[in-house]
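Two complexes are shown next, each including chain A; its partner changes from chain B in the first to chain C in the second.
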Partner chain A sequence: MSTIVIEHLARVEGHGGISVELEGDTVTNVRFDIFEGSRLLEPLVRGKRYDEVAPVLSRICSICSAAHTLTSLKATEDAFGIHVSPQTELLRELMFRGESIESHALHVFLLAVPDYLNYPSATAMAADKPAAVLLGLRLKKLGNQIQEAIGGRAVHPVNAVVGGFGRVPTVDQLIGLRSSLLQAAADEDTVIDLIASLPATDFCHSDTFFAALRSPSHDSYYGGDEVMVMSNGNRAIVRAPDYRSLTNERSVPHSHAKHSTFKGNPFMVGSLARLTVNPRRLTGKLAVAMKRFKLQLPSDNPMDNNKAQALELINDLERSLEIIEHLLRDGIKDERAMSVHPRAGTGSAITEAPRGLLIHSYTYNEEGRIVSADVLTPTSLNAASIELHLRRAVEQCVDRDEATLTKRLQMIARAYDPCISCSVHLVRK
Partner chain B sequence: MGKPTVGIFGLTGCAGDQLVILNCEDRLLDLVALIDIRDFLMASSDNNTQCPLDVALVEGAVLTTRDAETLRAVRKRSKILVALGTCAVWGGVAAMDRGTDRGKLLDEVYGERGWEYDSYPAQALHEIVKVDLNISGCPIEKEHFIGTVASLLNGDLPVFPEYPVCTECRMRENNCLLIERGEICCGPMTAAGCNARCPELRVPCVGCRGPVRDANGTALQDLFAERGFDKQTIAARLRTFAPLGGF
Partner chain C sequence: MNAAAGQPPPVAPQDRRPVLILGLGNPLMSDDAVGLRAAEMLALDPELILRADVIAGGADLLRQMDQFAGRRRVILIDAAEGAGDPGEISVVEDIPCGQRPESAHALSAPDALDLMRRLMPELAETRFTWVLVSIRSVDARAGLSPEIAAALPKVVEIAGALASRAVH
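For the complex of A and B:
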C-alpha cells in the first residue's frame, strides 16, 4: 500500500489536509482531513438573548462573517415573524455583494491563480506579474469598502441588527461607492482577459450534483428560501424549514466537520452550483465571458468553480452598482431598526455565502433566548463532494507521479475555496 | 542588517486577524517589502517551518493539543511573540463558558463519538507561553497592525489606548446608549482603539476588544442592574469575548 499525504493545506482558510491510500493501482481511501479545533459555538449561544446571537455566530468565520451575520438575523426574524423593510433587504443584498467581491477577489487572484502560473504565493507572483496581484487587491478593497459602508466593518460587521440597521449609510457614502464601482468597470474586462488566459486544468471529471438557493430575483444571495438540487437534468426542491432533509450528516473520525449527502449523493455548493441552478443571469457580458472561459454548464470539472467565481465577481460589481443607483434614485431613508417582540418558536434561514449554501436555524423561548441553534456551512456541505473529486482526480491520473498528484489534489481542494473554520460547527439533531 | 524575519500563524479561530493583514490592500505590498515573511500558511505554500523568527504573530486561541504544540514550537523559534486579536489575548468567544462540561458539548455536537476529538476549553496564548505584545480586537484594527510593524521596525513597541470605548464615544459627541437610552452597552469596561465604532452606529458595544485596564466590572454590573437587566443577561454580555476579564 502507498500513501500520499498533504499534511497542511496552504492558501486556504483554516487547518486541513488531504490523504490518499493506494493499493497497487486501486485507490482505496481518500480523505479530506479537517483538524481545525472545535469551538462549539452553537451550544455556547444557548441562553443568549436574540441580540447577542449574530455577533457571536459571526465569529464562526471571518471571510464569511457578513453572510453569517445576515443569515443569523434572517433566522431570528423568521422566528419572531419580523418582516424587514425593502430598503433593509436591498442594503443586506449589497452587503452580501461586497463580501462576495472581497472573497472572490481574494480567492481567485491571490490564492488560486498562483497555482495556474506555478507560484507558491501571490507575493511571489507579484514580483513577476504585479498586474494580476494588484487587480485582486483593488477589487478586494472595493468589496471591503462596500462592507465597511453598509456593515460598519469589513470583518465581523456591526451595523446589521435584528430588524434592520443601526444607522443606514449616508448619501455621500453611497455616492463614494458608486464612483468606485464605476471606476472598476474597466477591471471587469481585465478579469475576463486574465481568467481566459489561464492554462486549462483538465484532470478531474465527475458527474456532479449541484445545490444552490433558488432566489426570486434569480441571482440573489440573501432573498429566497428554497434550495434546488440538480443533477443530470433531475431537480429537487428543499424548503427552508425542511433543510435537514437536504443533508444526511454523519460524523467521521478524521474530520471536525460532518459529511453531508443528499439521498446518498455528495453535492457541490458555491459559485459553480449557483450559476448552474440560476443560469438566467448569464447574459450580456457574462455570456461572452463564459464563452471565452470555455465554460459549459452543467460542468463535470470542479476546477470550473474558479471560472464561476470570476463570472460572479463581474456580476456582483454590476449588481452592486444597480442597487446603489436604485437607493440613490429612491432616496435613502434614515430608518431605525424595527422594534423586536420576541416569541417562542423556530426560525430557519438559507442564504448563499461566497462559498455556497449557508443555513442557520434557531429555536427561541418566549423571552427571546436561544434554546437550540444549528448551523450548516458551505464547506461542511462540500466535504463529501471534495473527497469524491479528489478520488476521481487520483483515478484519472495515468502516471501517478507524486508531485503531479499532490499539486492536482491541492488545486481541487482549493478550487472549492474551502473555509475550514466554518466547517467545524454543526449540531446534531 | 537584513530585514526582520516574520511568521504569521493561526491557531483555532476565524482567521479574521490574518484577514485584516490581507485587508491592508493598498499598503500590503509595501509592508511585505519591509519584512521577510518566512512562514504564512494562509497566504503561501512555500513556507520555512523551522527557521528562527524575529517576530511571530499568532492569532486564535488554544483549543487542541496540536494548537498547544504549534504555539510552543513558534515560541521557541521567535524573539518576539505577538498575540494577535481577542482570541489570542483573552480566549475570545470560544472561551466564554469555560466552566461548561466539555464532554457534554462535544457529545451534543458530534454524537457519542465526540470524546474521540482533540478538543479542550479555549485558552489564551499567555496561559501556555510567554507573550511579548498584545494586539486586541475582534478583529484587530488595521491601523494597529500597521502601527505595530512600524514600531517594531524602529526598535520600539506600539502604544495602544488604556482608556475605555466611552472616551472615544464622547469625543465623537454621541448620545450615551447606556445612560440615555437604557441599552446594555459594554463601552465603560471595554478597551478603546475602535473609535467607538458600534455606538457611533447606534449599536451597543459588545466588548469585542476585551476589558480595558483597571475595568470596574462590579460598578458596571450594578449600573446594568439599575437599568433593569437581569443577572443572566449581564453575565452573558460581559463574558462574551473575554472570560478571563474578571467575570
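For the complex of A and C:
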C-alpha cells in the first residue's frame, strides 16, 4: 500500500490536511482530514439572552462574521415572529454583498490565482504580477468599507441587531460607498480579463449535487428560506425548518467537522451551486464573462467554483451599486429597530455566506433565552463533497506521481474555499 | 489623525505626519493586545501626537496599508510568541517572513508588511521598526498577563523615544 499525506493544507483558513491510500492502482481511501479543535460555541450561547446571541456566534469566523450575525438575527426573528422592514432587508443584503466582495477578492486573487500561475503564494506572485495582487487587495478593502459603513465595523458587526439596525447609514456614507463602487466598475473588466486568461484546470469530473438558497429574486444571499438541491436535472426543495432533512449530519473519525449528505449523496454549496440553482442572474456582463471563462452550467468540474466566485464578485459590485442607488433615490429612512417581544419557540434561518449555505437554528424559552442552538457552516456541508472530488481526482489521474497528485488535490480543496475554523462545531443540544 | 482605536479618517499622504506609530493585536486574545494597549497610551501623550500619528490598528496589518504612504518612519508595536521571557522587549528592523502558514483570513504582520513593500514602490524610503513584546498567553480573554501589563510603560517609553528621535 502507498500513501500520500498532505499534512497541512496551505492557503485555507484553519488546520486541515488530505490523506490518500492506494493498493496498486486501486484507490482504497481518500480523507479530507480536519483536525482543527472544536469551537464549542453552540453550548456557549445556551442561556444567553436573544440580543447576546449574534455577537457571540459571529465570533465563529472573522471573514464571514457578517453572515453569521445576519443569519443569527434572521433565526431569532423567525423564532419571535418579527418581520423586518424592506429597508432593513436591503441594508442586510448590502452587508452580505460587502462580505462577499471581501471574501471572494481575497480568495480568488491572493489564494487561488497563485495556484494557476504556479506561484507558491501571493507574496511570490506579487513580484511578477503586482497588478493582480493589488486588484485583490483593492476589492477586499472595498468589501470591508461596505461592511464598516452598514455594520459599524468591518469585522464582527455591532450595528445589526434583532429587528433592524442600531442606526442607519447616513446619506454621506452611502454617497461615499457609491463613489468607491463606481471607481471599482473599472476593475470588473480587469477581473474578467485575468480569470479568462488562466490556464484550464480539469482534474476530475463527477456528477455533483448542488444545494443553494432559492431566493425570491433569484439573486439574494439573504432573502428566502428554501434550499433547492439539483443534480442531473432533478430538483428537490427543502425549507428552513426542515433543514435537517438536507444536512443529515454524521460524525466521521478523521474529522472534527461532521459530514452531510442529502439522500445519501454528498452535495456542493457555494458560488458554483448558487449560479447553478439561480442561473437567471447570469445576464449582461456576467453572461459575456461566463462565455469568456468557458463555464457551462451545470458543471461537473469543482475547479469551476473559482470562475463562479469571480462572476459573483462582479455581480456583487453591480448589485451593491444598485442597492445604494435605490436607497439614495427613495431616501434612507431613519428607522429604529423593531421592538422585540420574546416568546418560546424555535426559529431557523438559511442564508448564503460567501462559501455557501449557512444555517442557524435556535430554540428559545419564554424569557427569550437560548435553550438550544445549532449552526451548520458551508465547509462542514461541503466536507463530504470535497472528499468525493478528491477521490475522483485520484481515480482519474493518469500520472499518479506524488508531486502532481499533491498539487491537484490541494487545488481542488482550495477551490471550495474551505473555512475549516468555521466547520468544527461539535456539541449540540 | 491620532486615534486611540479603529480606522482614522483618510488624510492625503502629503499632509501626514512623517512618523506613524501603529499598535497591532486582538483585544480579545489576552497578551496579543499589548500593541493596542501601548498605542492607546501613546495617543494620550499631548506632545507626541503633535509630531506623530498613533493608531491602534487591530490584527490585520493589510487593513492599514493606506496609512503608510508619505511616512519617513513607521514604528509597529506587536506581540511576539517565543521571543524571550514574558515582558521582554526587543526592537528590530526586520522579521523573517513565511514563519506561519498562510490562511484565508490574514497574512501574519511580517508577511503582510513584506507584501506591501513589494507592491508599493512609494514605501522604498520608509523605515519600518518593530517593537516586539514577548508574551505569555494568547488565550481568548480580555486583559494582559501581569508581566505584560508591567512591561507596558517601558514599551510606551521605547516606542515614544523612537518616534521622537525619528522626528528630529
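Criterion: the second predicted complex is superposed on the first by the 425 of 429 C-alpha atoms of A that agree within 3 Å, B and C clash if a C-alpha of one lies under 4 Å from a C-alpha of the other, contacts with A are read in each partner's own complex, and residues count from 1 in each chain.
Assume a contact is a pair of C-beta atoms (placed from the backbone, for glycine too) under 8 Å apart; a residue touches a chain by one contact, two chains touch by 3 or more.
No experiment lies behind these values; they were computed from the predicted model shown.
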Chain C versus chain B on the shared chain A, clash or fit after superposition: clash
Partner chain(s) touched by A:S121 [first = chain B, second = chain C, both, neither]: both
First, second, both or neither for A:G166, with chain B first and chain C second: first
Touched partner set for A:H8, first chain B, second chain C, both or neither: both
Chain B versus chain C as contact partner of A:E42, first or second or both or neither: first
First, second, both or neither for A:K141, with chain B first and chain C second: both
Chain B versus chain C, judged by how many residues of chain A each one touches: B
Touched partner set for A:K129, first chain B, second chain C, both or neither: neither
Contacts of A:D417 with chain B and chain C, given as first, second, both or neither: second
Touching partner for A:A154 - first (chain B), second (chain C), both, neither: both
Contacts of A:H107 with chain B and chain C, given as first, second, both or neither: second
Overlapping contact positions on chain A, where the chain C interface meets the chain B interface: 8, 10-14, 59, 62-63, 106, 111, 121-123, 126, 130, 133-134, 137, 140-141, 144, 154-155
Interface residues, chain B side, partner chain A - complex: 10-17, 19-20, 22-23, 25-26, 28-29, 32, 37, 40-47, 61, 63-64, 66-67, 92-94, 96-97, 100, 105-106, 108-111, 113, 116-119, 122, 138-139, 197-198, 200-203, 206, 208, 232-233, 236-237, 240
List of chain C residues in touch with chain A within their complex: 7, 28, 58, 62-63, 65-66, 97-98, 101-105, 107, 111, 114-115, 118-119
For the chain A and chain B complex, residues of the former touching the latter: 8, 10-15, 35-44, 47-49, 52, 55-56, 59-63, 65, 106, 110-111, 120-124, 126, 130, 133-134, 137-138, 140-141, 144, 152-156, 158-159, 161, 165-167, 251, 253, 256, 258, 336, 410, 421, 425-428
Of chain A, residues touching chain C in the complex: 8, 10-14, 59, 62-63, 106-107, 111, 121-123, 126-127, 130, 133-134, 137, 140-141, 144, 148, 154-155, 417, 419
